[in-house]
Amino acid sequence: MQRQADRPPVKVGVLGATGTVGQRFITLLSAHPWFAIHVLGASSRSAGKPYAAAVNWKQVTLIPNAVRDMIVQECKPEAFIECAVVFSGLDADVAGDIETAFRAAELPVFSNAKNFRRDPHVPLIVPLVNPGHFSIIRQQQLLHSPPLTKGFIVTNANCSTTAHVIPLAALESAFGPIDTLMVTTLQAISGAGYPGIPSLDIIDNVVPYISGEEEKIEWETRKILGGIADASPEQRVGDQVLQQFDMHAHTPLKISAACNRVPVTVGHMINVSVGFGHRPPPSPQQVCDALRSYRSEAHLLGCPSAPVQTITVHEEPDRPQPRLDRAHQDGAGVSVGRVRQCPVLDIKFVVLADNVSIGAATSSIINAELAVLKGVLQS
Amino acid sequence: MQRQADRPPVKVGVLGATGTVGQRFITLLSAHPWFAIHVLGASSRSAGKPYAAAVNWKQVTLIPNAVRDMIVQECKPEAFIECAVVFSGLDADVAGDIETAFRAAELPVFSNAKNFRRDPHVPLIVPLVNPGHFSIIRQQQLLHSPPLTKGFIVTNANCSTTAHVIPLAALESAFGPIDTLMVTTLQAISGAGYPGIPSLDIIDNVVPYISGEEEKIEWETRKILGGIADASPEQRVGDQVLQQFDMHAHTPLKISAACNRVPVTVGHMINVSVGFGHRPPPSPQQVCDALRSYRSEAHLLGCPSAPVQTITVHEEPDRPQPRLDRAHQDGAGVSVGRVRQCPVLDIKFVVLADNVSIGAATSSIINAELAVLKGVLQS
Amino acid sequence: MQRQADRPPVKVGVLGATGTVGQRFITLLSAHPWFAIHVLGASSRSAGKPYAAAVNWKQVTLIPNAVRDMIVQECKPEAFIECAVVFSGLDADVAGDIETAFRAAELPVFSNAKNFRRDPHVPLIVPLVNPGHFSIIRQQQLLHSPPLTKGFIVTNANCSTTAHVIPLAALESAFGPIDTLMVTTLQAISGAGYPGIPSLDIIDNVVPYISGEEEKIEWETRKILGGIADASPEQRVGDQVLQQFDMHAHTPLKISAACNRVPVTVGHMINVSVGFGHRPPPSPQQVCDALRSYRSEAHLLGCPSAPVQTITVHEEPDRPQPRLDRAHQDGAGVSVGRVRQCPVLDIKFVVLADNVSIGAATSSIINAELAVLKGVLQS
Amino acid sequence: MQRQADRPPVKVGVLGATGTVGQRFITLLSAHPWFAIHVLGASSRSAGKPYAAAVNWKQVTLIPNAVRDMIVQECKPEAFIECAVVFSGLDADVAGDIETAFRAAELPVFSNAKNFRRDPHVPLIVPLVNPGHFSIIRQQQLLHSPPLTKGFIVTNANCSTTAHVIPLAALESAFGPIDTLMVTTLQAISGAGYPGIPSLDIIDNVVPYISGEEEKIEWETRKILGGIADASPEQRVGDQVLQQFDMHAHTPLKISAACNRVPVTVGHMINVSVGFGHRPPPSPQQVCDALRSYRSEAHLLGCPSAPVQTITVHEEPDRPQPRLDRAHQDGAGVSVGRVRQCPVLDIKFVVLADNVSIGAATSSIINAELAVLKGVLQS
């Protein structure tokens, strides 16, 4: 990572620093080649305490020494004013107001919360899929009152959505648009945060329901895999024609998702069946080849946290598996296996992704790396 | 169960009595109102020992006193000659030869093994679905050389197939044929027998593969939900026109199955999406009503082990769940929940069934009860 | 249960009816031969609703029809005034005040909460061990201001304490006092109630700590296994010499407990080593014989919920096990296995008890049955 | 690791390379600064195949490229003749003969198997505890017929023994001999190898028994913590007075172990109570200080795989925990927590160790590193 020498460290802040996603941010950022943790924000209950005293640390590595004695701040923009990047691991019930305030204070926010994912001016970026959507940020800033020059909000996707859109993007890139998609998830408990799922609900059990999850998958997938187009002429601000997310409008995409919680600590597994718009559809072997050869723009540009191999394709009939395969490449890539023909649609396969890494904090961090490399932060 | 007084106990034997399915047979039969365990058969390693010494008992109830000191026999017809019914919990690697020998010795065999499920003269009966398929038995006996009068083989289905064909049969009965079916299973470890799945493979893990299972579900579903029709004229034996299973030929049924093993002890959960042949398809409410009001012939005829309520429909958004719902009605019914529209096919829902009860031993026992009540044993 | 004909049903109330212990009370009481559920009490949030709407039902059986539509009351004595018995499944943070008020209103309270276990006038009764301690109730009533004639509080023990004092009582009965005791528990998650232990804390994990549990085991064991003696002369009320719990004073009992939480749904397992006061100590075989032949007063008096076999001794080297053995006798007895010599103390063994049955609700119910049979309720 | 430059790589072989311990050896050795994998040995079923085709790889990291295509050999000395060190992950049923043959062929064997642990001339070395026992090797070689100059066998301890002797050694070093020890283990499933424990035996369950384990802990602990002394004069070979392990004879050590298997993938937890020979015993604080300041000879000499901090002492009341703490220092150290007074003995605490790292392969590797540094290999 030769860039490290070229530039001074980028000061970053973490909102929701004591929560599950916040702890993962800190773990990852404390070893990051570009970013240096400058401020930690949490609720007023934690503010004023050293981080080690405020947090109920649940990571499998120890609290990094660099933050152990850092005094936790309240989540107010003043304390973060020196930060070039703010990562948000806030819960949805407070993320809306706080992230809005940070943006208004000209701070760039990279959020894991769901609050702004459906906002027509906020990009929903899975960094290994659609970094092109950063282009909407200028419009987000201009439409703000008063217009902003540095502040913006970028979100990343729900952890399940992230897992499956990566291979889907690779398939669309190789074989043209997908028009039908059926996904059944087997999601890890860590996806629900801490304390999250009570153990009495999940040991020796499966829960075939996750509130709001199926709708998120069905909606977010279209935004991420879709493009950006000019809005209709009547939608303009002054002289400017607005841009909007086209929600995969070129080929309407039918999606049906069914979500299950399973007694696995980390690693979302998804059973996917896809139907392609173009006939004939690709063979399983062609699908494997396309998945293996997919290269993300994040990797090609040199994002240090982007995986070298975006998608690992497994040949063994019973892989990937969460416990064995979630940690490869520090959880930054995804695994695909069991690529075979689907008797109803065209192709079916399974996807595995580390829901707390590429499914959450790692995606935000690669998004910020992309923003650095694409010059978005200087805007 | 007033019939108990009317008739003397029916002597039954159990093949594979020390295995997982055999233990469940013994648990259920030891409290059965009609059947009395007369002989226990197992491998030569166990033969000659008292049952309690031969078995590695793994049930949550104690070994029934009635069998504790019964001497285990080898699986040869001579020892079972007084039995009116023989239940087979044999493993597939030995079931073929032994069940063949028992049938040839004029013993009626109710088998859990997969060996004869695809035999064109052996019915594959899920007792809450297709007891009409008993009619093929006469042909099975006539085609035997020499023709049989009492011996036959009846199989029940794979534990996953059993779970989903019950609601599917109810839906076809109410709304006409299904033409498309996508199922994703989350199957319990007990489905693999004992020792079965190594714990290192499944704790904190999911295995997205069960050898041969997807093919079984796709094939068996068609045989069970299909009818029996006259074969083509050239397929006859002497003057007799043969009958054959039509494999749902009236409405070709596209099925795609994806199977996963999850860390649950008992209870297979299945995510199902169905497409109907008739337009418009039923609404979710109509589906719920049809499932609730479905009555099995087994129950209507008075089979003592048939559940009163074949299908329990749950209203709560997060049910059924294996740990909470598998034991209702002694595991003899199935639970359905989350009935809702499918954006790709018509309707989606989840099914839960106790894989060791209705998914295995209980189905065999109800099949034998049906055989008693329908006069099949007297043939 | 021939007594059922002799007497009208006893009206009972349940405090904390929507909680984990309350649900178990309702499950057990709805099938009880003597007791009839008359009132259900819960927090003001639940009061006024039908029970089925107020509760988040988590039992493996369905909500009994008898309570499904019963309107939940607030936990105030007025609503319970017709009850002859009140069972309390209240949490400790509210149990103190409410149970005090109920006693003052002349209601007999059988409590699972810890609040009064150390009260010098409240008996801590494990029904299969020390029903003789009911004798302190008269003093409890007389010392109340104003003196009571019907109201009192009886507690049962912590779920871990209950498990091990049953075999210990059998051993003291046969071989004289124990003077040294080392116990290491492996406790089920259901012991912590609902939502209780977060799944992220216990899947693929063990937590070697349960707040306050070791102290409870060390203290409660002495109160339960000890006797009742006259207090010193200066401790008298008017002319009356007070009685007090002697805390096993005749032979001081050294106890060391270490408590662990394990990923098991139901069933506390305890590794026990004991040292006896008398030399020579009993052999393992003598211990097994004494445990097997122990008969509880509750059973001998005819309590319908008392197990026939108080202690089941397992011969297999690897039993008892929670999943296989917790449900025997409806969870009302305990299992002991691996009785062998201890190289440091005298004898070691393992105990298993269903922590939600004999460890909680079942003990309260047998205590109430004992109160009926011993005439305590008429006092 | 500056020594790397000083010396050429040491060629090593791995016996039992396809098994659970063998896979861990390969994972660790493939990144080792001194050792280079030269030969892989396994059963005749695997011999002749590329390693990747022979192994059912179950590690959470991928198969190292360096061994992927290495052809597996049979476990015969000829194939290993260039190796300076042979690591054995063989199962006990074959380890005896094979390790004997390797030693006779002048190969130094570092074994995980139990076969030679009780041999009076084979050291049982926990590398963070008793590397002084290497001194017996010269006698082992001299007593061989014919006498050996390079071949020998060194064993490491059972995974549970290893965990607790490390803090016990630190305590004896600081406070003098321990005379009483009670340990209750909660052991991970990986301790039983693969396939090992059937999942039906351990999900939602605890098994309070591990065959032979309690005896191993009680016996091995004395050999490891004891010294080496001159045998009685009549035990001599020619003129030479023999040396023997004194089994902690200076202070007879009473040990009682109780072993349980729990549903945890990796990480043995042990509840320990100790009594000291000297009065007064140390306080909990003194114990914590002594544990923290313990430095192993392996670390001081510069073994690259020895942990910097041998024993990590946790202050939180609920730590260590297997899932959170097993991976610290690559599993090479142990964690201790809950140090407190024991009401029966003197001090109690819990220990956690990674049973597949320091409990198995890592110990063998540090033993080999010690052999290099102490000049044992040159003998």
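Read from first to last, the chains carry the letters A, B, C and D; within each, the first residue is number 1.
Basically, a residue touches a chain if its C-beta (ideal position, glycine included) is under 8 Å from a C-beta of that chain, and two chains touch if they have at least 3 such contacts.
Just so it is clear, the structure is predicted and the values come from calculations on it, not from any experiment.
Chemist: If you tally contacting C-beta pairs, which comes out ahead, B-C or B-D? Let me know.
Modeler: If we tally the contacting C-beta pairs, B-D comes out ahead.
Chemist: Centroid of chain B to centroid of chain C, CA atoms only: how many Å?
Modeler: Each chain's C-alpha centroid was found; their separation is 43 Å.
Chemist: List the centre-to-centre spacing of chain B and chain D in whole Å, with centres computed as mean CA coordinates.
Modeler: Centres of chain B and chain D (C-alpha means) sit 50 Å apart.
Chemist: Could you list the positions in chain A whose residues touch two or more of the other chains?
Modeler: 58, 201, 203-204, 263-265, 323-324
Chemist: Could you tell me which shape the graph of touching chains takes: line, ring, star, complete or other?
Modeler: complete
Chemist: Spell out the part of chain B that touches chain A in their complex, as residue ranges.
Modeler: Of all residues in chain B, those touching chain A are 180-182, 184, 186, 201, 203-209, 211, 218, 254-256, 258, 260, 262-265, 269, 271, 273, 317-324, 337-338, 342-345, 348, 350.
Chemist: Spell out the part of chain B that touches chain C in their complex, as residue ranges.
Modeler: Listed in rising order, the residues are 58-62, 203-204, 265, 323-325, 327-328.
Chemist: Any idea which chain D residues touch chain B in the complex?
Modeler: Interface residues on the chain D side: 58, 189-190, 194-204, 263-265.
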